[in-house]
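Everything below concerns the one structure shown next.
Chain IDs A, B, C, D, E and F follow the sequence of writing; residue 1 opens each chain.
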Amino acid sequence: MKEPNDIIIRSVAKVAVVIIFTFAINLFISGHHYPGGGFIGGLAFASAVILLFLTFDIETVRKNIPLDFKMVAAIGVLIAVLTGLGSLLFDVPFLSQAFGYFYLPIFGKTELATAVLFDIGVALAVIGTALTIIMSIGDDR
Amino acid sequence: MNNIVIFPIIIPVIFGMIMIIFRKRLKLQRYLSLISMAAVGIVTVYLMLQVKSEGIQTLHLGGWVAPFGVTMVVDMLAALLITTTSIVAFCCLLYAFRTIGTERENFYFYPLFLFLITGVIGSFMTGDVFNLFVCFEVMLVASYVLISLGGTKIQLRESIKYILINILSSFLFLVAIAFLYAMTGTLNFAHLSLRVAEVGQDGLMTTVAILFLIVFSLKAGLFLFFWLPGAYSAPPTAISAIFAALLTKVGIYAIVRMFTLVFYHEPEVTHLFIGILAAITMVLGAVGAVAFWDIKRILTYNVIVGVGFILAGVASFTTVGMTGALYYLIHDMIVKALIFLLGGTVIYLTGTSNLRDLSGLIRLHPQLGWMFFIAALSLSGIPPLSGFLGKLFISEGTFEAGYFWLGAIGLFTSLMVLYSIMKVFMNAFWGYTVIKEEEEQGTTAGLLLPIGILTALTIALGIGTQAIHEYVDLAVEVLMNPSFYIEAVLGLNPKP
Amino acid sequence: MSWLHLLILAPFIFAIFVPFLYKKMNQRIHTGWFVLLIPLILFFYLFTFIPEISSGNTRTATLPWLPAYDINFTIYVDGLSLLFALIIAGIGALVVLYSIYYMSKHREALHNFYVYLLMFMGAMLGLVFSDNIFVLYVFWELTSVSSFLLIAYWYQREKSRYGAQKSMLITIFGGLSMLAGFIMLSMIADTYSIRTLISSETLNTNTLFIPAMILILIGAFTKSAQFPFSIWLPDAMEAPTPISAYLHSATMVKAGIYLVARLTPVFGGEAVWFWLVSGIGLITLLYGSINAVRQTDLKALLAYSTISQLGLIMSLLGMGSGALYFGYGDESFVYAVAIFAAIFHLLNHATFKGSLFMVVGIIDHETGTRDIRKLGGLMHLMPISFTLTVIGGFAMAGLPPFNGFLSKEMFFTAVLNTAEKSIFNLDTLGFLFPIIAWVASVFTFIYSMILVFKTFRRKPTFVRVDKQVHEAPIGMLLSPMILGTLVVALFFFPNVASKYLLTPAWESVLPTLAGDLSIKISPWHGFNTELMMTMGVVVFGTIMYRFLKKWYGLYDYYPDSLTINHFYNLGLQSLEAISEKTTNRYMTGFIRDYLVYIFAFIIVVVGGALWKFGGVVINHSTDAHVNVYEAGIIVAMVISAVTVLFSKSRMTSVIAVGALGFLVSFLFVLFRAPDLALTQLVVETVTTVLFLLCFYHLPELRKEMSRIPFKVTNALISIGVGVIVTIVALSANGTRLFDSISTYYENSYKLAGAKNIVNAILVDFRGVDTMLEILVLTMAGLGVYTLIKLKSEGRDKDEGAE
Amino acid sequence: MIKGMLIGSLIFLTLSILAIMYRLVKGPTASDRVQALDALGINIISGVAIFSVLIRSTGFFEVILLIGILSFIGTIAFARYLERGVVIERKHPK
Amino acid sequence: MSASIPNEVVPVLLILIGTIFSFLSAIGLMRLPDVYTRSHAASKSTTIGVLFILVGTFFFFLLEEHYFSIRLFLGIFFVFLTAPVASHVLIRSAYRSKAPLAKESVQDDLKEVLDREDNEPV
Amino acid sequence: METLMCLLVGVLFSIGTYLILTKSLLRIILGTSIIGHGVNLLIITMGGLKKGGPPLLGLKNLTYTDSLPQALLLTAIVINFATTALFLVLSYRAYIVLGTDDTEQLRGKEDE
């Protein structure tokens, strides 16, 4: 069977992927105050990549994102754990989070919390795992 | 607050993650895994000493006091168990170096091994029922992967059964947690204990307790052990040894914790039920152990007998019985790992696990043979090895509680255990030596070290029980008086 | 640690060095010479105790082992234990001496042999000296273990292994039951010390008293090879002969006797004890003697004779226990003599049976066979051995001038006395005692004669092929000669032994009667009933021996299938077979079966608990109201779930599950859980994609081709599970006893700087859950990766190799 | 009044969902079912939106967007599978 | 309360209209004979319906709570962008997986093309 | 509402259990995911339903629904996802290697 052309879906997918990426990052960042968070953000991000897999083929995507996602996951977990360990430096219980308000030049009054760092770890772990799984199965013939 | 408490959990995680990053450097992985296990061992011993001198150690993670945050609690029971865990894991790791093979090493054997330890230690230390679920899952998922690691036919086949049953038990666990939460509105063990004590353990609460018992029974292999023989005979020796030593013990620990701290108000119902299940487990396990002529099967059914025996002590719910259960628990962790390693070595040397094909190994491997003999005696609780005191106290506990049938079954099954394990010894090690030295498939070089350590341990624990009695007594004291635990966690009335 | 402890531990400690000695020295010097030192030293050291102990003193020493639980290694030396210890060390020394000649230093693994032997010696000494019942148990089991090892010393032989296994199973079974008995005893008396137990008064009022007694007796009976546990002893003869002489006639099998004697003050005076001990003893006596006649193997003959003699001693102890029924007084002394006879016979038995075993070993060693049918006419070839056999055999038969005669006479006295007792229903059954004793004695006489004459008399038919049969070297004969001398000496000077050894031992068995006994053992009491009985034995025994051939055939009428041995073998076989059948029956390997068990268990147990404890509480009062659209959604969910159930195509099922997922997340929205809805959605989608990815390979759903019962079971179980979950959920919902702790988290902005409470809980309040959860995820990722790659990489490698 | 209208809309929507379920169950082809699933997703978007208005909460807008995204991805995945039997393609199949 | 009535009513009416569209499309989905005709109902009117509802919601919050939700706006855009494409891809796959046309169908333009494709050697 | 939800959960459990008890691996997996849904709904039901607004502090609600079960459920969903993925791939792998998806043929007696 001849390869059917995928022009419509590919062009829409490109736009969609951008939107999803943006949204995923938004979900992730605003997770502390609105629905979302590291896990959902990460998985949304992963689903964007899945969309890429679906519309393009696995080699193209892999060429463009040349990462070992298992390592991403590992680094994610490491970040999360090390964030927790950081609290040991201040002699507070493991995983104690801190937050504060800072005045940054562009954003104005901003709240920064170490929980966000923890969430980054979560997100990375989720992204890494989801993509590892998908790519492993996708690879297998 | 004591931040040391968290280290046994996170050291393996950190090292494991680093190993994932350096995937291709096997030598580094070996060193790192050894270092991390050693570090965990040191920390656990330190913690144990600290618990002894300063009382129960707690860590309110994130600084959120119980019951709102997750609290890690190291009472003496947990301290003893994590210490034993780290020792056993260390030995299995040493054994794995020689036997596991580069293929598995390449595919994250060491990280997964470490994560398994994290899960096990986490389960022992956590003071929160939902966190217990999470730690269980860490342990289980690690075991899922380890059991299927290698992807041989038998592994795949058995791991399907193993995973399916464990997924179901996880669901049940969640269901039980949901019920408990609906009724009590809290998750912290200590807080649960208080709240349950406040309203008493009515019919529904007892039902929920039994639901928890079923969940943990599935994990511990108490009566619902059908997944166990297959699952434990599938993976390579080092893995099945660590499974045999640790996985069921976590379930047992959970039963002990739940039924001494939270649901201790109706022992005539819940504990008697545990006793009945334990009796059935022992009988079925012993029956399975004597039935076969296959080393792996004999050993796995012996795991089941051990579970039943420990829980017989728990069922008695007397100080003596608990003491016995605790001694036997520690003993069982060590000796099960030992006997699995030994059995695995026999299989490794000869390439078969069928006893009818084995004969006369002792001529070429005397050390192995004698260590097997000692382990076999220890397994069936022959004095003065480590199983004896546990057996003695468990029997005494059941007698004191009036469950004479339970004690009798326990003692009788230990005879069957002896029969089954001596069958292995006599057939594999005695008899004419059929294999010539040149035909040997492998050597025991390097394998004897971990086995030797464990053998020495079982002897030392038997003769030198006095050295740990203070720890065990302390653990039992806490178990029999939930208020110590509650006070330590909730700080209602801080201990002097 | 006192010298006494060192005494017990010395064999163990020395055992550690034996392998080294063997390695370094065995080429030049037989390892036995080094080992010999230990029992010699022990014997002489123990010998020094005699004056002190015989004057009625005792000695104790305590070494803390588990002081926390009052399990201490307390040594208690009194007459009884000293007598046993002397036998152990004395015979031990002789056996080691004998083994030096018996065990070839070139062919045998002597280091193993002597390690086991020393281990046994230490264990046995520990056993008799322990005051603490659990320490006693420890040594008790150690003797079983070392006996196991010694029986299977020639581990290549099938029969050795069989015998070893049998002895271990039976003795450890007994040990376990004894342990149970000890535990009960300690619960009653609240002490672990035998001394305290003995002095406790009101033990027998407790309901556990009789069970404890019976359990302990089982232990003693198994060890002392009492009927019906005796079957292990003949098979234990697979051990090297020095071992048979030492363990299986002189010492280890006496452990049960020791225990019974030791605990007589505790249990004595009870009818159950009396009947069990004396009754089983007499049965064993009869059983052993009758069977001994039948044997063709010399060692087997001796084994059965040992069983029979042990039964004799046991029954004496039982009869003597009647003394305690009466308390202090003349009445009791009459019966207390039985105890004295038991102790005396025990010593005698150790001497003559030890020497007999050694002689049999010599015969075996020199001729290469122990079969009576092949042997004969050795008298001229081996005169010294013959003499020794006559001494031992006549002593065994109870003939003068050997020590056996004395104790046999006392035995007859005891049974006659007992028959006259009017306690414990003896007035009706007592007459059996003398009859059994007499019949057994006849048989004892017969087998003794067989041993002596069939082996040595007759025509010298026996010819050994490879070498000339001749007398054994003097070193080998030395030990039996010493014992033979003792046999004679004890006949002539029994009162010396009585004064220094037997009476102190007797006093420790019956401490309440101590002090006033003065038994003069003498060979001549006039023409009394006892002497008549002995003469009857000789006359009748001789006749029967003469016409042995005539009635020997009677034995063949007894079918093999009714022997205890047969039952034992059958029992083990069928145990294995039935076990295998049962286990295979339920361990089918079919996951569905396991799940059925599990679910059925849940239904029965949880349902039962709900029903039994009245846990069902239905209470809608706190329920939120139901909107029509919510009900509609729920209906839609049920529809999609049912679709999965009935769909025949995998696509349909997956789509339906997907729809279910969407609807669940809509429900989450309706329940005000945005985070959950989000998560559910993403997870659902990714899972669906995974399903589709795997579908490429998995087969299309087939119609379930199953039998109707299968489906009905499944349906019943699944409905049961659903019902149980629903009922418990409804009840739990109806019993909200407390407010949730979650109001605390509503301050999350202040506490954690987060407006999204759920997220705050996840990353902060319960951050560790999340940390471990991503660990789980990572592992699952690794798992998927390894599952797929490990195999394919392996395959690739193989392909590359081809 | 407003509330009544909104609840009425929700009930309408539920009815549509049930209608879609009918299609999902009935089939007859896999394509029909996927189509129904797609429609279900979109109806749920509507449902969430109306519900947000009903309880005057802005907390669910993320859900709306995400259902849109995921329903799209799901549909594409199903379509791929139906069309080619493969979900993720490779240029050079082994 | 009375002053806010117009503010509320318009968006809610939009929502109601959207719901009716959705309902109609659902009926279409139920009643129409084959997958291709149903796709009209599924894609066109459902999209219209959801757009009405979303716009209604958007305006409701804009007018009532003065809340401009970028997410909702993005959602409207996204649904508008993807719903037709999804429908297109789906129908194409349906056709290629040989979903049958309804009996009432009169024309099948792509039949030949596909047949030719199928008969080509791969 | 809670009562209705309990019934729904019961139905989902029944259906899931039935599917798990069949022989086909794929049905078993689908069964676990249906039971998984049942468990999720049960957890949220047990926290009490619709007691207030969504647990977002920015929304000016007066009361909030119980947030703790939601957080627990989130964790549970993720873990469930992880195990399901693993199980799915395992069954797939097992099918490839063992050549069957019928659990009855996975007894594993023959080679022991």
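Convention: a residue touches a chain if its C-beta (ideal position, glycine included) is under 8 Å from a C-beta of that chain, and two chains touch if they have at least 3 such contacts.
Owing to the predicted nature of the structure, the values given are computational and were not obtained by experimental measurement.
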Steps needed, at minimum, to go from subunit A to subunit C via contacts:
1
Chain labels contacting subunit E and also subunit F
A, D
Pair sharing more residue contacts (C-beta pairs) when C-F is set against A-D
C-F
Among all other chains, pick the one whose mean CA position is farthest from the mean CA position of subunit A.
C
Could you state the distance in Å from the CA-based centre of subunit B to that of subunit F?
28
If you average the CA atoms of subunit C and of subunit E, how far apart do the two points sit, in angstrom?
80
Using the average of all C-alpha atoms in each chain as its centre, how far is it in Å between subunit D and subunit E?
10
In subunit A, what residues contact two or more other chains?
4, 9, 16, 19, 23, 27, 33-36, 39-40, 44, 47, 50, 54, 70, 73-74, 77, 81, 84, 94-95, 97, 129, 133-134, 136-139
Using the touch rule from the top of the page, what residues of subunit D touch 2 or more other chains?
10, 13, 15, 17, 30, 34, 36, 55, 57-60, 62-63, 65-66, 69-73, 76-78, 80, 82-83, 87-88
The positions of subunit B in contact with two or more other chains are 13, 17, 20, 61-62, 130, 134, 137, 141, 144-145, 148, 151, 160-161, 164, 168, 175, 178-179, 181-182, 187, 230
All pairs of touching chains, each written as two labels joined by a dash
A-B, A-C, A-D, A-E, A-F, B-C, B-F, C-D, C-F, D-E, D-F
Going by the contact rule at the top, pick out the subunit A residues touching subunit F in the complex.
33-35, 39, 129, 133, 136-137
Note which residues of subunit E are touching subunit A in the complex, please.
71, 74, 77-78, 81-82, 85, 88-89, 92, 96, 117-118, 120, 122
Name, in rising order, each residue of subunit C that touches subunit B in their complex.
64-69, 134, 137-138, 141-142, 145, 152, 155-156, 158, 161, 164-165, 168-169, 172-173, 176-177, 179-180, 183-184, 186-187, 211, 575-576, 579-580, 582-584, 586-587, 589, 591, 593-595, 597-598, 601-602, 605-606, 609-610, 612-617, 725, 728-729, 731-733, 735-742, 744-745, 764-769, 772-773, 775-776, 778-780, 782-783, 785-787, 789-791, 793-794
Show me the residue ranges of subunit F that touch subunit A in the complex, using the header's touch definition.
54, 56-58, 74, 78, 82, 85, 89, 92
Enumerate the contact residues on subunit C facing subunit A in the complex.
674-675, 678-679, 682-683, 685-686, 689-690, 693-694, 752-756, 758-760, 762-764, 767-768, 770-771, 774-775, 777-778, 780-782, 784-785, 787-789, 792
